[in-house]
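Have a look at these structures, which come just after this line.
Across the two complexes that follow, chain A remains constant while its partner is chain B and subsequently chain C.
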Partner chain A sequence: MMISNGIEDEEKWLAEGIAGIQHNAFYLHRALDSNNLREALKYSALLLSELRTSRLSPHKYYELYMRAFDELRRLEMFFKDENRHGCSVVDLYELVQHAGNILPRLYLLCTVGSVYIKSKEAPAKDVLKDLVEMCRGVQHPVRGLFLRSYLAQISRDELPDIASEYEGEGDTFMDAVEFVLQNFAEMNKLWVRMQHQGPLREREKLDKERNELRDLVGKNLHVLSQIEGVDLEIYRDTVLPRVLEQVVNCKDELAQYYLMDCIIQVFPDEYHLQTLETLLGACPQLQSAVDIKTVLSRLMERLSNYAASSPEVLPEFLQVEAFTKLSNAIGKVIEAQVDMPIVGAITLYVSLLTFTLHVHPDRLDYVDQVLGACVKKLSGKAKLEDSRVTKQVVALLSAPLDKYNDIVTALTLSNYPRVMDHLDAATNKVMAMVIIQSIMKNNTCVSTSDKVEVLFELIKGLIKDIEGTSTDELDEEDFKEEQNSVARLMHMLYNDDPEEMLKIINTVWKHIMAGGPKRLPFTVPPLVFSALKLVRRLQVQDGDVAGEEVPATPKKIFQLLNQIIEALSVVPSPELALRLYLQCAEAANDCDLEPVAYEFFTQAFVLYEEEVADSKAQVTAIHLIIGTLQRMNVFGIENRDTLTHKATGYSAKLLKKPDQCRAVYACSHLFWVDDQDGTKDGERVLLCLKRSLRIANAAQQMVNVTRGSSGPVTLFVEILNKYLYFFEKGSPQITGAAIQGLIELIKTEMQSDSTTSNPASDAFFASTLRYIRFQKQKGGAMGEKYDPIKL
Partner chain B sequence: MDWAGLLGWVSIGLGDLDLIKFLFFQFGAVDFRSDPNSLSPVSVFPIRGLDWIRLCIAMNYIIGAFKPACHISFTFFDGKSRKQVPSKKENGQTLMVPLFQSQENIVGKISIEPVSGKKVEHNGIKVELLGQIEMYFDKGNFYDFTSLVRELDVPGELYERKTYPFEFSTVEMPYETYNGVNVRLRYVLKVTINRGYAGSIVEDQDFVVRNYTPPPSINNSIKMEVGIEDCLHIEFEYNKSKYHLKDVIIGKIYFLLVRIKLKNMDLEIRRRESTGSGANTHVETETLAKFELMDGAPVRGESIPIRLFLSPYELTPTYQNINNKFSVKYYLNLVLVDEEDRRYFKQQEITMFRLAETS
Partner chain C sequence: MVLVLALGDLHIPHRASDLPPKFKSMLVPGKIQHIICTGNLSIKEVHDYLKTVCPDLHIARGEYDEEIRYPETKTLTIGQFKLGVCHGHQVIPWGDLDSLAMLQRQLDVDILVTGHTHQFTAYKHEAGVVINPGSATGSYSSITYDVNPSFVLMDIDGLRVVVYVYELIDGEVKVDKIDFKKTTGSNT
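Our next item is the complex of A and B:
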């Protein structure tokens, strides 16, 4: 109620003020029209008296001021024309000072003063100096601010700047600088004093009102920056120290914050760079409530942009040791402002980091220094809970990655992981993902085990469970994505030197071992393949680097691989382990390491026997085993026999007849390797095929019994194709007659009433026959071979 | 502040500027205490206007109520070139009258013309030059401090217009014409046609006397520190102690300690006119100027400039014990007003003098 009344009252007062101005403006215009100086002065003074009110808020006062301002423009036009009022400007200058009330007097004096300078009858500097001195008479903050801002406004075009028409004859731009500085100092004092006006409970309102007026004060700095004569030297020796003196001495947080920001925004970057010490020196002297971090951040942001603007300015940065100065200043500010929240300090460091990344991209030690300072600030604190802080820390950590596009650089920063340690688990993971993504995006290769060590230390949030975090909340999808990322990351770890590569593998293994059963299925395969890749490389070089002392031998790697794959047993994930064993076996085969290969096969079979229980999985596994075994050439006859025997044995023991059949005919390949010196045992091939035929028959009958109709002839056609394969390969035991017989058999089966026709198998058979016909017609050796077969 | 520098360029030609006067201030008179070293709040007394009109009516006007028997007119020898200045008459009207200074010759002609050819018998005609002081409490009673007589004609009859030359050489006129609240000093040429019982015919011609003094050889500034203990300490400075009538007062007020919330500060020019002597001394104080120096509350260390042009105000020189009848003194009164409208002030006498106009 009170407040609304207050606002209404203010509206009323403003309306009264405006009415007063309009009323007197009417008579003023009449006086101006009739060139009556006396009346003009009388009514302009009355008009200006409306500005003496204390009842309006700055906002409303401004409205009133603007109206008076418009009228003063008219009056100034009148003053300029001596013919109209017949009074010399010198006399006018005295005349307006007869006014009894100070506020109208000074407004009029400023107005005439402007005309006086334009007339050049007195040196501009004298008039300006007099005006700025006389304005001291108004000590009321709001009225004084507006009066002085009027002075600043009307004098703007008349400052004796270099190359301005008001320069010369003892008037130098220094007088202009002096004038603006003085006006600025006085305005700032008035502005700061505003806070003591009125009771404490209205502090908030006052602050708001003060904020509305800040640009009046800041305008002076803007004017200063526009003065041509203010070069670096003047700025450094005069302008900046004087302005800072005001800023520091006013001991007012609002003013300090605004003015510091103003200085930074208004003056050129190169000036800031050359005066960093002075500017930064003021920071710790500011009130503790001042938001220095924003101020400094803006400064660094500007300097960063400046550095980015042109490479030619970079030497300047080095010359003035910008980084050291900034870094020291930030340290001092943080030290001085004990109450500064941690987020503030981190924000400062982020800015400093951004700055140094822009300006000194080559100076990693700077980056590390910043991170180190951060660690120091964070140390002794618990994990960061505040989301704003973590956000800043992530920004801090991401900055070097973005800049260098190269994680390797970041890995050399010793403080990097220490900063990460302060993040909570979730953020840590996010950060780890950022790191991995950065590596992937830039195809960065991490090439030493030390770096790998550091890297895995960094992303340990993904590698293992961190104490104190519950795993229940984990989203399955996210988890998979994370682990896939880790898996992809492993492929980026590479070194041409096998020894180092082995170290890398060892390091990675050490880390992922701790990952637990949930992670191993994701992390083991890439590691295994990475190791196998190394094996392959060694196998190529094997000849050159012989000797016992070589640490990275395939043997050793295989031992390691064995361990790694064994680890999967805790998961358990037998199918995966089995596949990996087979991969290893194959690699061992290529390295000519029979016992190793045999061992891997053994492991695979053991797994098959003990762990793979599911029939489908068994089918897949047995086919994998057969396929791998088929390619092995390292084994001696005995070993080979053992293994093939096992394989065929397991094939025949599969649960479903069709599966048995297929596995068995696949086994036939174990005895016929189509290489120069591969096994070529036609006898046993035939045995296998015959056995599979038997099984196929049995399968057919079983279907007949259970369903009353025969199954499709697919299995027979498949066996026929095997026959054709070995026939073509020249196995003596596979004869045209046998093929002929098989074809007949199939045809009979197909024509049998009880057989359900299956388009797929029919087509399969038809195309097989077509193939035979094609081979017959082709002629040549193969055609002759096929000739006896009659269709 | 560089006083000399400022003075250098504000001393500007005055010309006819004093005709253009716009006085923004309101008049207000306040009582003062004579304790010279302290500022103290004091209540405001009722205001008495400057334009108080006196009810005194002179004898010759009563006579003048009858139809005059003849017209009497004055012409000065250098009437066309002599400067005329406004002079306020008792009835409030302002007339332009000639201006003289001490030691000048007052030369001219007086012509007397009987109305419509009637003859005027007389016992002789004379012209007097009178310097008179009239006190408020003794209305109509003139004290002549200067009285010179020239006989114009022996007893006889006037039939027609007749012109008499007259001359008063190097007349000693030490005092200036003055129109105060309680006292008036005037110079008058008085023609008397003595007619015995029929009643004499008298005609007056006022003129104004102003005397000029050279600038004083010693003119110190006024500088003083005053205050209320632990409350308000100020130091003020006026550049001179002696000012001429068109002078400018330059100065500053420096705030050493401010613990009260000030609202504004004015500089007043006060005229103190004292009449009579001993137990009959009557003192009248008027505020001639009220000039706002400061708006708002200053803080410690602020220095507020003063620049007050004296030309717009109707000042006279300081008069010291004029013929043992009266004195006129001038004071600068610095008044500080706080937010509760309490007034704190400090009064300083200044000496006013009239500088010969250069134009």
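Our next item is the complex of A and C:
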């Protein structure tokens, strides 16, 4: 109720004030029109009396002020034209001082003063000095601020600056500076005094009113920056020290914050760079409630932009030791403000780091220093839990990654891992993912085992369970994404030198082996393939270096591979392990290492026997075994026989008859290898094919019994195709007669009443016959071969 | 003109971290009508990525695929052509063209797309054409040494298919093309 009454009242008073001004303005204009000086002075004094009110808030007072201001402009024009009023400006200056009340008197005096200076009948500096001192007569904050603001406004164009018309003997820009500094100091004092005026419960209203007036005070700094005579030297020796003195001594937090920021924004960056020590020296002297970190951040931001836009000034930054000064200042501020929360300190360091990365990107020692300061600040505290702080720390750690586009550089910062150690487990993982993504995005190659070691330490949150966490808590999708990222990362770890590459592989293994059963299926395969790639590189290289103990040999790598794949047994992941063993077997074959290849095959078979239970998985697994074995050329007869015997045996023991049939005829290829040294055992080929035929027959009968009809003849057609294959290869045991017989068999089956017609197998048979016809029509050796077969 | 992308054996993330950037920038969504994939992606993220390139995606199961429900073989008709896809680890000896021809006769398709060897081939035989798009990431293979990343784009137009093979050699994308014509009438 009180407040709304207050606002209504204010509106009323403002309206009254405006009416008063308008009323007197009417008579003022009449006086001006008739060149009546006396009347003009009378009515302008009355008009200005409205500004004596103390009932208006600054916002409303301003409206009143503006109206008075407009009238004073007219008055000034009148004063300027001596012909109109016949009074010399000197006399005028004296005359207006007879006005009754001090406020109107001073407004009139300032107005005349402006004319006086323009007339050049007195040195500008004398008039200005007089005015700035006289204004002391008004000590009421709002009224005084507006009065002095008026003074500043009208004197603006008459300051004795270099090359201005008001420069003269004894009238220099230093006088202008002095004037503005004094006006500024007085205005600040008035402004600060407002703070102690109102009762404490109206604090919010007071702050608002003070903020409404702040630009009046700040304008003076702007004017100072515009005075041409103020160069770096003057700024450094006179302007800045005086302004800072005022800022520090006023001991008012609102003023201090605003004015520090104003200084930074208004004066050129070049000046700040050269006066860094002075400027920063003021910071610890400010009230503890001042948000100094924002001020410092803005300063650093300006300087960063300055460096970015004008690279030629970079040497200057080094010369003034900008980094050291800023770093020390921040340290002092943090020390002085004991109650500053951690998030504040870290935010400051983030700003400093951003500055460093912009201005001195090549100075990794500076970057490391900033990180080190953070470590110091964070140590002794428990792991961070405040999300604002962790957000800032993540920003701190991401900045070097973004800047350098190269994780390798970040890896050389000794304090980087130490900062990461202070993150809680969840944020640690977030940061680890950020690091991996940076590597992937920039296609960075991490090329030494030392760097890999540092990297895997950094991302250890992803690699294993660190204290207090367990993989059970994780969302499955997130976990998969994490682990797949780690897997992708492994392909970025590479060195051309085999020794170093092996070291890298060993380092990675050391880290991932502790990952546990949930992680190993993701991390083991990429490591295995990295190792296999290395084996191939060594295999392709020229011979051994005689006499030297070479750590990186295929044999040693296969030993390591055995260990690595074996780790999958804890998961357990038999199907994956089986595939990896077969890959190793092939690689060992290519290196001519028969016992190693045999050992890998043994492992694969053991897994097949003991662990692969699912029938579908068995089918795939046995085909992989057969396919791999078919390509092996390193085995001697005994070993080969043992393995092929096993393969064929397991093929025949698959659960479903069609699967058995197909696996067995696939085995036929084990006995026929097309290259010049390869086995070409036509007898055993035929044995396999006959066996698969028997199985196909049995399958047909089974279908007959269980469903009352014959199954599709597909299997027979498949076997027929295999007969043709070996027939064409020239296996003497596969005769045209046998093929003929098989064709008749199929035809009979297809025509039999009990057979369900199956378009697919019909088409298959048809295309097979078409193929035979095609081969017959070829003529030449092939045509001859096929001649006995009649369709 | 129907564009069909054929690729496979990416082996992400076991053997490769991603498709080569030069390939990725070529695979713009909306330009291709069908994708035929020989398998071994091997994770869902790759599946999802391929879907964004073209929603009509046909995949055959490779032995490392995370998704076990992809079929062993698949056939589809595009225009005048019947196409079939099979990863190829099931056809022994691996990469043997005569054995693949048998599969082609069995599936009764004009074009058989198959993988596993990581070696690009395009081969015409009695029953039709066998195309192996190689490995799109150039990943390690126990069968082929020095694998270059490759994929195939087929332009099917009436009875004619032009097979473009894109291969990344020493950092540059090289393109080659082969023409195949089908005789009128289906294979009886």
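By our rule, the second predicted complex is superposed on the first by the 778 of 791 C-alpha atoms of A that agree within 3 Å, B and C clash if a C-alpha of one lies under 4 Å from a C-alpha of the other, contacts with A are read in each partner's own complex, and residues count from 1 in each chain.
Following the convention adopted for this analysis, a residue touches a chain if its C-beta (ideal position, glycine included) is under 8 Å from a C-beta of that chain, and two chains touch if they have at least 3 such contacts.
No experiment lies behind these values; they were computed from the predicted model shown.
Asks: Kindly say whether there is room for both chain B and chain C on chain A in the superposition, answering fit or clash.
Replies: Because the two structures are overlaid on the shared chain, the partners are seen to fit without clashing.
Asks: Would you please give the vertex angle at the Cα centre of chain A, with arms pointing to the Cα centres of chain B and chain C, as a multiple of 10°?
Replies: The angle comes out at 150 degrees.
Asks: After lining up the shared chain so the two structures overlap, which partner does A:Arg631 touch, if you call chain B first and chain C second: first, second, both or neither?
Replies: The second partner, chain C, only.
Asks: When the two structures are overlaid on chain A, which partner does A:Glu8 contact: first (chain B), second (chain C), both, or neither?
Replies: It touches nothing on chain B or chain C.
Asks: Looking at the overlay, does A:Asp70 come into contact with chain B only (first), chain C only (second), both, or neither?
Replies: After superposing on A, A:Asp70 lies clear of both chain B and chain C.
Asks: Looking at the overlay, what does A:Asn101 touch: chain B (first), chain C (second), both, or neither?
Replies: Touch status of A:Asn101: first partner only.
Asks: Considering only the touch criterion stated at the top, classify A:Lys42 as touching first (chain B), second (chain C), both, or neither.
Replies: Once the two structures are laid over each other on A, A:Lys42 reaches chain B alone.
Asks: Report for A:Glu683: first if it touches chain B alone, second if chain C alone, otherwise both or neither.
Replies: neither
Asks: Which chain, chain B or chain C, is in touch with more residues of chain A?
Replies: C
Asks: Who does A:Phe529 touch here: chain B (first), chain C (second), both, or neither?
Replies: Touch status of A:Phe529: second partner only.
Asks: In whole Å, what is the nearest CA distance you get between chain B and chain C after the fit?
Replies: Scanning every C-alpha pair, the shortest chain B to chain C distance is 72 Å.
Asks: Which chain A residues lie in the overlap of the chain B contact set and the chain C contact set?
Replies: Common to the two interfaces on chain A: nothing.
Asks: If you look only at chain A, which of its residues touch chain C in the complex?
Replies: 440, 443, 480, 484, 487-489, 491-492, 522, 525-526, 529, 532-533, 536, 540, 579, 583, 586-587, 590, 620, 623-624, 626-628, 630-631, 666, 669, 674, 714, 717-718, 721-722, 725, 728, 760, 763-764, 766-768, 770-771, 774-775
Asks: Which residues, counting only chain B, touch chain A once they are in their complex?
Replies: Against chain A, the touching part of chain B is residues 1, 5-6, 9-10, 12-13, 15, 17, 20-25, 264, 289-299, 302-305, 307, 309, 311-312.
Asks: Which residues, counting only chain A, touch chain B once they are in their complex?
Replies: 37-38, 41-42, 45, 52, 90-91, 93-95, 97-105, 122, 126, 130, 133-134, 136-141, 143-144, 189, 193
Asks: Hey, which residues of chain C end up touching chain A in the complex?
Replies: 12-18, 21, 43, 45, 63-64, 89-90, 92-94, 98-99, 101-102, 105-106, 108, 126-127, 139-140, 142-143, 145, 187-188
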